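Presented sequentially are two complexes of chain A, the first with chain B as partner and the second with chain C.
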Partner chain A sequence: MNVMWDIIPIGIKINFFYTNKGLDDMVKIGIPRALFYYYYYPLWREFFQNVGMEVILSPETNKEILDNGIKATLSEACLPVKVFFGHVIALADQVDYLFVPRITKVEPKAYICPKFMGLPDMLRARLHNLPHLIDTVVDTSSDGNSTQCWTDCLQEVGSMWTNNKHLVDSSIVAALQEQNRFKQHLLDGILLPDAIEGTVIPEVAAASHPQQTIQIGVLGHPYNLYDPYISMNLFKKLYSLGASVVTPESLAENDIAKKAGMLPKRIFWTLGKRMIGSALNFLENKQLDGLIYLTSFGCGPESLVEELVVRWTKKQDRIPLMMLTIDEHTGEAGIITRLEAFTEMIKRRHKA
Partner chain B sequence: MDLYLGIDVGSVSTNLILIDHQGELYLSPLYLRTQGQPIAVLKQGLALLEERLSATDRICGAGTTGSGRSLAGALIGADIVKNEITAHSVAALSQVPQVRTVLEIGGQDSKIIILKSGIVVDFAMNTVCAAGTGSFLDQQANRLNLSIEDFGDIALQSTNPVRIAGRCTVFAESDMIHKQQMGHTLPDIVAGLCEALVRNYLNNIGKGMEIKSPVVFQGGVAANAGICSAFRRALETDIIVPQHFDVMGAYGAAILARDYTIEHGCETQFRGFGVTLLEFQNRSFICKGCPNACEIIEIKQGKEVLARWGDRCGRWTVAESA
Partner chain C sequence: MKITYPHMGNVCIVIKALLTDLGLELVLPPPTSRRTVELGVRYSHEFACFPFKLNLGNYLEAYELGADTILMAGGVGPCRFGYYAQVQQQILEDLGVKMEMVVLEPPDVSFHEVKDKIHYLIGDLPWWQVFKAVRFAWSKARAIDTIEEKLLYFRPRVKEPIKLEGYFRETLKEIDEAADRREVERVVNSFLKKSEIMPQLSVKPLKVGLVGEIFTLLEPFANYDMERRLGLLGVEVTRSVWLSAWINEHLCRGLLRVRTECSDDKKLAAPYLNSFVGGHGVETVGCTVGFAQRNYDGVIQLAPLTCMPEIVAHSVFPAVSEDYQIPLLTFYLDELSGEAGLQTRLEAFVDLISAYSRKKEGVL
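Take a look at the complex of A and B:
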């Protein structure tokens, strides 16, 4: 990698050199398959492909990625951040740029986790010889919304690239459309890993998840739930134990917001609010036999949100809740025993 | 007689138990130290059982539980391989049908199970830390130069238990030394240690749980009268310790095996006591299929692979992992 990229000042308009290259030699932009990938990948992918870049996605999390991430981070970081570092390392010498937007606020009056806001800084402090980071700020104005803040962000990113305003605008439109397609597929009940690539036909996906004997609501941030390495194949294990799964992704944003609004005090973390809002929706879903909440050890916001979920579930006293806390030392055997015991308990309840 | 075999392969002990059709214990149960060699101990236990059986005795079902349940299940040909929560609650229910709370403290782990009308409604298990478990008591008894068997009775002699920090063994140890130097008596210190363990258990594993009586206390630590009385004081209720408190997991596995074979009307998969004579080769290797580098464990008998597990993707897995 050319070391020159590192000293290009951020925020200054530059015309990049891709126009000098042939078609086979497109500029490569790397997207780590971690954290916000699980929320915004369709939006990002569509945008970058439309403006004429090659999107390189890091491979699925594996032991090497996790080990590299752990080595590169401080011990205080949570597991998802460590995994994120591992993905950045996996991409570093394959791409010309890395897209790590500084996501601060995607809705008014609520914030993204402070660790995630600081991702570009953490990367620069801990890793050397990084490709040039594109760390455009995503910050909603007080009367804005998710569409507005992402439009602003992508406009800025696009203007670094090209003077062709029309191309940038049309790419943003296509990207937002793709993001809506993704969200709609999630609402249709397609699991996130299928929906995110946009390759799945909804009818086929619905048929491939037959109704099982018990139904479990699984709470957790998508970057934990849908990374099979972090979650230790949670969904697959639950299927094989005879449980079908409902996740927060299948809930409408409005329903989540409405329930989260019932709390006596407003939660000002966007992602945490999603968890408590989803939990309160699940508690009203009579189809569900149990709740599992997967959290990562050392998550600041979750230490409070988790407690709220536990209290509300206890108060309602209808379905059992099991907390699963994971970090890099978590053994698979402990998870298997807990999942077995939990599903067994529910099945025996049914029999009685 | 028709018998059902239950085996609990834990990290500290391996227990074997035989029950008859009515769930009555047949012969005395075996309590063996696992000592890191589950296969050897399992074979030893089966050999000991075989010696005691008469010619007319027949094994009609076998079940395994504990952290070595998959391994043991593969070796003996278990009809049912079940997690410890289910096994312990089934066993407690058979002894005390009205039980509402099961406290279980073993060598390396501890759990709490909450039941309502015979159904498990909530449970919790300890995480990686073994602070509130049997090995913590073992260590401290060792340090005080007491045998673990006397530990409980000495605690009962105390009139004024001292307060010892029980959250972490490291703190407990330094706190205990301090209390000794201050001149507290041995019984008061030992009783204080029991109270610290109970406090730790209730604050961590029992956090947020509604503990209602009847309360059944099982697992190896239930032998300790000092801990029992500390639980009694902390929960302000009577604590029932079943007669075979230290083999309840194996007992539950035997009951589950009995119910399973009867319900399904099937012949047992049990491979017979001949397995003690067979040579098993167990080995582990690292899969090179992808960067995950999973550690695969393989159990072979001669050329036949009995079981394999440890892979994330399932390419090596032979036999169900329960």
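Take a look at the complex of A and C:
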């Protein structure tokens, strides 16, 4: 038992004794509604609930969150990172722990982004009075896979709380099942915000709104696309302009990987690969009338990935492409005007 | 096959020595200028980093002079540099510029990839000739580092820094033209002798560490002659990245004994930055802590705008600055940096650190 004490941080030892008490005394773990929330929330939520913790999610992005985030970060950091900081600040005094895994690689030989790898350090250096950060490393070795890296990470996290190995293992199994269900919902065409809550009716497939006259493929990272405050309700605006939306999340991983594999050199960013693969799939999709590519100002990997996508779309010369770059200053009127002009142009092309 | 490669400070001298000895025909781009920037910026993505744009400008200018093959380095992430070549190739192709690109990078699948590329370049050259070429180029790399180091040391100390810079440029030219290793050694020694006997000022210069991304540190055009500006303001600059140390660490796996002041600083990055973040992020933080521990008066970080690893490093600076009570300044550089603004900020920083160091010593 002495050995156990040594590896458990002091803060956790105390909470240990409370875990079996009533609901009010449950250990609270905070998950910021930003960045990888949009990829892995079902996995995280299911795991932490199963090991007996209360999961606290930060509220949806609002002006206060964004403003706090901007104040706490460098002006050079990208918008999603600023928003992430805002969410952390919103959670900081409500929770006992904050789950901010250091996500290096979720698949072999491909990184996420340097900023993701440094997130816990950036938080510690710039914010004071943070709750204890759980910054377990998620790193896939060259012979691992995307499930293995999360199993390893969650096992490490679980062992901080309890030495009931069986509970941790069964929680991981349940969490992975939940994550698979989430992915299946996405493939069925359900938009991510609906799928992530877990209560969805598969019939409401976003890709097949019958009354809509045009279909638009929207490229972009989920943490920009599905945060209505950041994307300024892009999807809703497109619906009201008579367009239905197809997102990269509705594409099968295999299709994306196959297309991305056609590149002269393997892309070493997981998200960049998704963008390139999705774009190539969209370019071949005869049903699409247009493409919108939403990026955040100053996104590093995107500056190269985007360049390739734009050049290929031009070369193909069939689908119109509009680039939307967002940052904290974006005026909503400007976005509306551009969307109106874009959809109007597509509709005219149809008539001609 | 007329080979060209992008500029990075004085590295071109070293690569020129290597490739010429390997029997390759070279067409070097003209020195990086405003025109290079304009060409590069015109055809690259807005947020592509500054080195990307300068590289592209170099290629286009070399193409005008008749180059048809580009020799370039690569990488495997997560820094953007690893994917430069592929995007640049696409841009050149779309422009109708017919240039072939040979990218030397860590192999993805097997070592044969590298071997094939080298074989493609130099054919069946006997190994001793390759060895001789590498050794000769290495001696030039060491020579350049030696004289640059001396220049940084003497510039704030001598009474006539402009004259010293004149000597430096002459020596650089002589190193470039030197035909054998003995000649290189002689030229370096004569520079050392000349600079040591120059009349010196009596004041002790301030000491500032220069950290950041390697290209911006080594290419004076990209950093708007930062070292020179600081030197003329009476500041002794210590750079964290040196070409020969970098080659030793990344290409020779530290087999050669090259010591620089910052050789062991990388491990000082923890607890501020606990993970590799690509590029020179960890080195930047580590060297900053190292400079702070060695009682430097300040540290300046240089990075291209939107550089991801440097943004992470910059983000943890407040903690370093607070713990060690050292002034830190960061410059993000791109094609739009106005020189007057840069100079003003530098002057303000130097004023600040000189007041700060006097206060520390109890003079104020």
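Odds and ends about this structure:
Keep this in mind: the second predicted complex is superposed on the first by the 321 of 352 C-alpha atoms of A that agree within 3 Å, B and C clash if a C-alpha of one lies under 4 Å from a C-alpha of the other, contacts with A are read in each partner's own complex, and residues count from 1 in each chain.
Throughout what follows, a residue touches a chain if its C-beta (ideal position, glycine included) is under 8 Å from a C-beta of that chain, and two chains touch if they have at least 3 such contacts.
Computed from a prediction, not measured in an experiment: that's the story for all the values here.
The superposed arrangement places chain B and chain C next to each other on chain A without a clash. Legend: residue contacts after superposition of the two complexes on their common chain; A:340 is shown touching chain B, with no touch to chain C.
Between the C-alpha centres of chain B and chain C, as viewed from that of chain A, the superposed structures give an angle of 80°, to the nearest 10. In the superposed pair of complexes, A:286 makes contact with neither chain B nor chain C. Within the superposed three-chain model, A:128 lies out of touch with both chain B and chain C [touch as defined at top].
In the overlay built on the shared chain, the residue A:352 is in contact with chain B alone; chain C does not reach it. Contact with chain C, but none with chain B, is seen for A:104 once the two complexes are overlaid on the shared chain.
Looking at the shared chain after the overlay, A:265 reaches chain C, while chain B stays out of its contact range. Set against each other, chain B and chain C differ in how many residues of chain A they touch, and the higher count belongs to C. Judged by the touch definition given at the top, the superposed model places A:65 against chain B, while chain C stays out of reach. Of the two partner chains, chain C is the only one that A:74 touches; chain B does not reach it.
No C-alpha atom of chain B lies closer than 6 Å to one of chain C in the superposed arrangement. The part of chain A that touches chain B in the complex is made up of residues 62-65, 228-229, 232-233, 310, 314, 320, 325, 329, 333-334, 336-338, 340-342, 344-345, 348-349, 352. Per the touch definition, chain A reaches chain C in the complex via residues 73-74, 76-77, 102, 104, 109-115, 117-118, 120-122, 124-126, 137, 263-269, 297-304, 306-308, 311, 315. Looking at the complex, you find that chain C touches chain A at residues 44-49, 52, 74, 76-80, 82-87, 89-91, 94, 108, 272-279, 281, 305-309, 311-312, 314-320, 332. Of all the residues in chain B, the ones that touch chain A in their complex are 67, 82-86, 117-123, 125, 127-128, 208, 290-294, 312, 321-322.
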